[in-house]
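What follows is a single structure, and I will ask about it in a moment.
Going by the order they are written in, the chains are A, B, C, D, E, F, G and H; count residues from 1 in each one.
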Amino acid sequence: LRRGVPEVIFCQGKTPKQVVRITERMMQKGTNIMGTRASLEIFEEVEKAIPEAVYYPEARIFAVIKEPVPKNKGLIAVVSAGTSDIPVAEEAAVTAELFGNNVERLYDVGVAGIHRLFMNMEVIKRAQVIIVVAGMEGALASVVAGLVDKPVIAVPTSVGYGANFSGLSALLTMLNSCAGGLTVVNIDNGFGAGFAAHQINKLGGQVE
Amino acid sequence: LRRGVPEVIFCQGKTPKQVVRITERMMQKGTNIMGTRASLEIFEEVEKAIPEAVYYPEARIFAVIKEPVPKNKGLIAVVSAGTSDIPVAEEAAVTAELFGNNVERLYDVGVAGIHRLFMNMEVIKRAQVIIVVAGMEGALASVVAGLVDKPVIAVPTSVGYGANFSGLSALLTMLNSCAGGLTVVNIDNGFGAGFAAHQINKLGGQVE
Amino acid sequence: LRRGVPEVIFCQGKTPKQVVRITERMMQKGTNIMGTRASLEIFEEVEKAIPEAVYYPEARIFAVIKEPVPKNKGLIAVVSAGTSDIPVAEEAAVTAELFGNNVERLYDVGVAGIHRLFMNMEVIKRAQVIIVVAGMEGALASVVAGLVDKPVIAVPTSVGYGANFSGLSALLTMLNSCAGGLTVVNIDNGFGAGFAAHQINKLGGQVE
Amino acid sequence: LRRGVPEVIFCQGKTPKQVVRITERMMQKGTNIMGTRASLEIFEEVEKAIPEAVYYPEARIFAVIKEPVPKNKGLIAVVSAGTSDIPVAEEAAVTAELFGNNVERLYDVGVAGIHRLFMNMEVIKRAQVIIVVAGMEGALASVVAGLVDKPVIAVPTSVGYGANFSGLSALLTMLNSCAGGLTVVNIDNGFGAGFAAHQINKLGGQVE
Amino acid sequence: LRRGVPEVIFCQGKTPKQVVRITERMMQKGTNIMGTRASLEIFEEVEKAIPEAVYYPEARIFAVIKEPVPKNKGLIAVVSAGTSDIPVAEEAAVTAELFGNNVERLYDVGVAGIHRLFMNMEVIKRAQVIIVVAGMEGALASVVAGLVDKPVIAVPTSVGYGANFSGLSALLTMLNSCAGGLTVVNIDNGFGAGFAAHQINKLGGQVE
Amino acid sequence: LRRGVPEVIFCQGKTPKQVVRITERMMQKGTNIMGTRASLEIFEEVEKAIPEAVYYPEARIFAVIKEPVPKNKGLIAVVSAGTSDIPVAEEAAVTAELFGNNVERLYDVGVAGIHRLFMNMEVIKRAQVIIVVAGMEGALASVVAGLVDKPVIAVPTSVGYGANFSGLSALLTMLNSCAGGLTVVNIDNGFGAGFAAHQINKLGGQVE
Amino acid sequence: LRRGVPEVIFCQGKTPKQVVRITERMMQKGTNIMGTRASLEIFEEVEKAIPEAVYYPEARIFAVIKEPVPKNKGLIAVVSAGTSDIPVAEEAAVTAELFGNNVERLYDVGVAGIHRLFMNMEVIKRAQVIIVVAGMEGALASVVAGLVDKPVIAVPTSVGYGANFSGLSALLTMLNSCAGGLTVVNIDNGFGAGFAAHQINKLGGQVE
Amino acid sequence: LRRGVPEVIFCQGKTPKQVVRITERMMQKGTNIMGTRASLEIFEEVEKAIPEAVYYPEARIFAVIKEPVPKNKGLIAVVSAGTSDIPVAEEAAVTAELFGNNVERLYDVGVAGIHRLFMNMEVIKRAQVIIVVAGMEGALASVVAGLVDKPVIAVPTSVGYGANFSGLSALLTMLNSCAGGLTVVNIDNGFGAGFAAHQINKLGGQVE
């Protein structure tokens, strides 16, 4: 059916053995495969069974890509606020890439030093879809969505402490944004944002 | 600049007089205008000053459209669960229409009687973007997103009682969905969903 | 009195020694015994003292069954959404079996791929009582309860992350369901669901 | 199909006119009908159109019963804690009666004066299914479920103030009960409890 | 003692008569007086007894100033995000003025249209202390605190709906800000912000 | 001053060395001393420095009693619901004893098997003050307070899982009790209950 | 039995007619009676039927006292923080008086002006039991309990706004107090505090 | 620009290697540097690369100060309630010192023994800005702010258990204080308080 589109395994809460077994079963169907929330330990077990598997350590994703993946025309920008948000941003970025999208990353542009964002607006302006990843107060998503006229997907992260309440703070900020065009996914759900951005970007057409 | 695209007034918490004043000021710029969360009382005051204003009572939206609005090619489907969710669904649908989108409505297809959803799948399949509006347990969004390969925007509503906690229940359901491609807006935020759907739909191209 | 009906020990928070002591004391009364939330470590200590003890590792239950258990006529179906929900589903299923019920399991039929549920409806239709175990958004319980005319017991699990808030999300979903006949137990309380299902199923009569 | 079983309208959030319209539409199908959360104002409008409609003011239910309803053999007991819990208890009791069950009521037996409960145990002992309705601390459900070996459905009510948090207190109490056989419905959901009790009671057989 | 510094009456929850009585009692001590959260009804009763009383309707403050108030040298800027935040912003601004501060207002500069903030930075740069008033996502406080090197007091407002949870969203945003120099007061507490800003501003010296 | 009354050290969050230092400093003043939340590791370090120190392992309390403690006349009963609540119950009981009270313990009398409570009512009836310790649903406190005409101090424990939310469930139950004479302390605060019970019991007079 | 001790009616949520009916039924048993949370409207209806009924408007209590009430020896002090806390403080004070206690009131001594508390310490020192009523931050209870060696009952009130969350703030403050001898009742539960204080005070002996 | 003012690294969630790399990069710009939330392990790695680095173990701060830091004239007082609050208090104090402020510490003056606070008021009276650090009920901030006429910055800590909810209790207490001039930072945010106090203190002038 949807040839080239990867099947996805959510590895969190699964043992390395279980992940290998599921991956091997999927490979028999000939699809591309990616695993999210995959620890290095899980990847090492997968690699033993499937040597062509590739690992993206910051994104905690492994992938087995044997089929060509159809490419979307538009660009996806992944923008993030702080250093600690990068793993979630990478989960989003690598997911989008594995589903056939061009991705540009713009990291460490949090609102506490907003000039860094403004100096890099052209990356954002070039994109068809923007993913904004931010923890703590999560204000970056509102600022970005207020500056562009494109769909923005906000990913709250659980980065922070105290009244952050494990990401609740950033989540509520993003849901309450009065900037148009902003939609939100679960706390730390880089995969969900990357996949939704892909589905949106696909509407802009695919490379022949 | 973005000729034909309406300017939006959020009327909640404003007096009729304030809304009229803001609307008149905007009209001098020659833009189209829409007002959300507009009570009948507000509309009647607006209508006195601007007789060509139109009111959508279920959506609680008024509009003053004098410029032609550019049209998007793709279809937006608005799907809702229960009768009481209709005002929010209409807010989303009318917003999308006023921004130049074709909209089809599929109401009263909640998961407690899921066959009604299945009997109407072709509407959903034809759409480029789907908005799902649901209160109480909000499960409809997951079911729909699991059935289609298109962007789905979920709108939790505050419909329900008890452990619904004013929409928190449906909001959490939607954020935790494991169905791919689902993003979420604030409780009762039909406008936000309609506008985000428009921005996504625009990526699929506009009618010349 | 209720001959054959097992006495239950809740092992969580007890040391292996304490569990052995309680089990031995109960055995002197000649009743059947089961222990829930029993780690392998606890079971190994029990087995040393009582070699006929049996362990169900996925359900984390051990049992010492020496008396024949009265059998109920009706069938209990245990339906679960994701792979990570299986331990709770097994706690429910094994509990129901140890109390004398026939149980059929239908796992990995979450709403994100709802066709798998529909392809297996006959299991559900044959049952007198259905237990639905689901984490994350927990929408499966509503869908199942909407399809059948039998009592459905919903068990939210703590599986998920972010706005799941340790099972709160699935719990609220299930409490707010508008599908008739649904009742809910505590997060991860497989035992409670299995036992309540047994008490309901008993009303349908026992095998002579 | 399920001849005699009433169709249910949830009137909350609907105008009297809407309720009349839905009722009339249903009547054309020849089914029995009941409306929950129906204010007196709604009933008076329904009665004008359908003079045979009956109103249960404490339960806030109206009913139009023209078909004979099949009767279940077993008894349902509805037990409640305080005077203010009676409307929810009545919603449960009348629902169960309209679905063809014998119901006995045992009101004002809260745990603060637990002797009243003990003096009336024989009503509870005779029942096949027990519904316990309680607000404030909701402790009654645990006590009752600890005393009987039958399914108990607990309904937390929003009765109380302060740290009651609109019924959250009673809801959590009931979900955390360590008494076996207890399942829970939404805060104030007398209808849901009555209907689930009916489905359970039906398993014990119907009067020929 | 602190001659000229107004005594403050918190009028919310007091009857007009009580407020008049307290005001008259204070006047006998010869101090200046201000009342916060004073409805028009309260003011009208105060004015009858004390004709020189002045009312600030947007701020819901009345004042009786008979003594000269010592003046601080520095400027306080009050910045606010949306139109509905203005009453709280005015409560802060009028409080600061009544305590002897020069105040400049910069309203309607929310982050969804952040260019308006940047076009007015010189007001903010001139101030010794900045008060930022914002509801919904409350992101404005972070942005402002990131741009200046002065103390910033953030006031979350209860403006918003849905996942705003009566101001919780903006409160958490502000507490989690990673911009230096930001401190926070209670939701809607314009008075508290105005008074704290005054105490800070006083450190910069008073006009002889 | 209050000769014989122990000084109390809250050991949680302190190192063994810090506890020893504080204990030694206090001993120089010649007072009796007790340490709560003291791990075995802490006690062992204390014992090295002060060999006459005594340890109550279940209560996690150590004591150094050199002065005679004045004795209260009345009896304090400590009642608890489940096995896992015993550490908190012991903290309360040992605290009360160290402050000079006679204490009787009545453990494992949770409401799920309420007959055990009724069979032991005479202990409760003899007491001047009753401490009730319960986790999960915490219903025991209401039942006991409803049966006696004496002050009852309720201690919610963090025992439970799921919707227990670390003791919130039992806390809310106890605060909402409609049984007269019940007051509540913090979750797991056995010390606070024991000390408050002592202060109450002292009002009934001391042994000469 | 307990001659002279009033029976109590909780009037909130009851109609005037219901309250009259319950009061009249109780009067036939010859007991004293008090009604809490009684609006003026309720009292006026009660007074028509029972002319000797007395009303305490600030406490919202009515009473019908025909039997002599046994008197306790000790004094109860009722201390409150702000003007708006007085209704709850009065509910506690009048309850304690109707149960036969001498009560002294010390109002408006909140911690923001703590010298007023210190100037009135002798009232507190004379009391056997102290009730502290405070809203907003509720800090007064800790301060008082730290100053005395007697049982202190803390009553959080729902007075406040914003992050007060209807009394949650004061409730948590009081539960977390590290001052010894403090126990807590539900938000706004003046009656519960007054009654518990009475039960404690009774331990100190009764006037012959 | 702001010569001598340290750049700050938030070390939590960063590896020792990352911190060293960032520190070295900053040193090339010639600025002073401080790292917060730095474990001993992190400091040891930093010290290897930069031998002149200094560590403040209680504050968990390291610093590399090579440039002279401009000094503020005024004094900052850091007041804390309990022993376990000292790490947060030290984070505030050391931060303020590194930014060029004179700091006096006043520790262990919690409200449960309020005389210790009163015996040390002159430290507080001498300060231009006061930082109050308190966990559990957090009442100290209100008491201090009620006693002085200077800006007070309150830092809630996560010290406590049970209904403390990881600092929520102290946070709400402080936000709801009715004492004037109090502003609040995030739970455990000693750095934020120290930095804000510095910015306020700077307004009082710098040493030439």
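To be clear about the criterion, contacts are C-beta pairs under 8 Å (C-beta built on N, C-alpha and C of every residue); 3 or more make two chains touch, one makes a residue touch a chain.
All figures in this text were calculated on a predicted structure; none of them were measured in a lab.
Engineer: Between chain C and chain D, which partner chains are common?
Structural biologist: Chains in contact with chain C as well as chain D: B, F.
Engineer: Decide which interface, E-H or D-F, involves more C-beta pairs in contact, and give its chain pair.
Structural biologist: Most contacts of the two pairs: D-F.
Engineer: Chain B-chain E contact: same residues or different, taking over half shared as same?
Structural biologist: different
Engineer: What is the Cα-based rotation angle between copies chain D and chain H, on a 0 to 180° scale and rounded to a multiple of 5?
Structural biologist: It works out to 180 degrees.
Engineer: Quick one: point me to the chain whose Cα centre is farthest from that of chain H.
Structural biologist: Measuring from the centre of chain H, the most distant chain centre belongs to D.
Engineer: Looking at A-H, C-D or D-F, which one is a repeat of the F-H interface (more than half the contact pairs shared)?
Structural biologist: A-H
Engineer: Distance between chain E and chain G based on Cα centroids, please, to the nearest Å.
Structural biologist: Roughly 36 Å, centre to centre.
Engineer: Just curious, how far off is chain E from chain D if you go by their C-alpha centres, in Å?
Structural biologist: 51
Engineer: Between chain B and chain C, what is the gap in Å from one C-alpha centre to the other?
Structural biologist: Chain centroid spacing, chain B to chain C, equals 42 Å.
Engineer: When you check chain C against every other chain, which residues touch at least two of them?
Structural biologist: Residue numbers touching two or more other chains: 162-164, 168, 171, 175-176, 178, 180, 186-187.
Engineer: Dump the list of chain pairs that touch, please.
Structural biologist: Pairs flagged as touching, ordered by label: A-B, A-C, A-E, A-H, B-C, B-D, B-E, C-D, C-F, D-F, D-G, E-G, E-H, F-G, F-H, G-H.
Engineer: In their shared complex, at which residues does chain B touch chain C?
Structural biologist: 82, 110-114, 136-139, 142-143, 145-147, 160, 162-165, 168-180
Engineer: Could you pull out which chain F residues touch chain H in their complex?
Structural biologist: For chain F paired with chain H, touching residues are 12-14, 18, 156, 158, 166-168, 171, 186-189.
Engineer: State the interface residues of chain C toward chain A in the complex, per the touch definition above.
Structural biologist: Counting only chain C, the residues touching chain A are 83-84, 159, 161-164.
Engineer: Give the list of chain A residues in touch with chain B in this complex.
Structural biologist: 2, 8, 10, 74, 128-129, 149-151, 153, 171, 175-176, 178, 180-187, 192-193, 195-196, 199-201, 203-204
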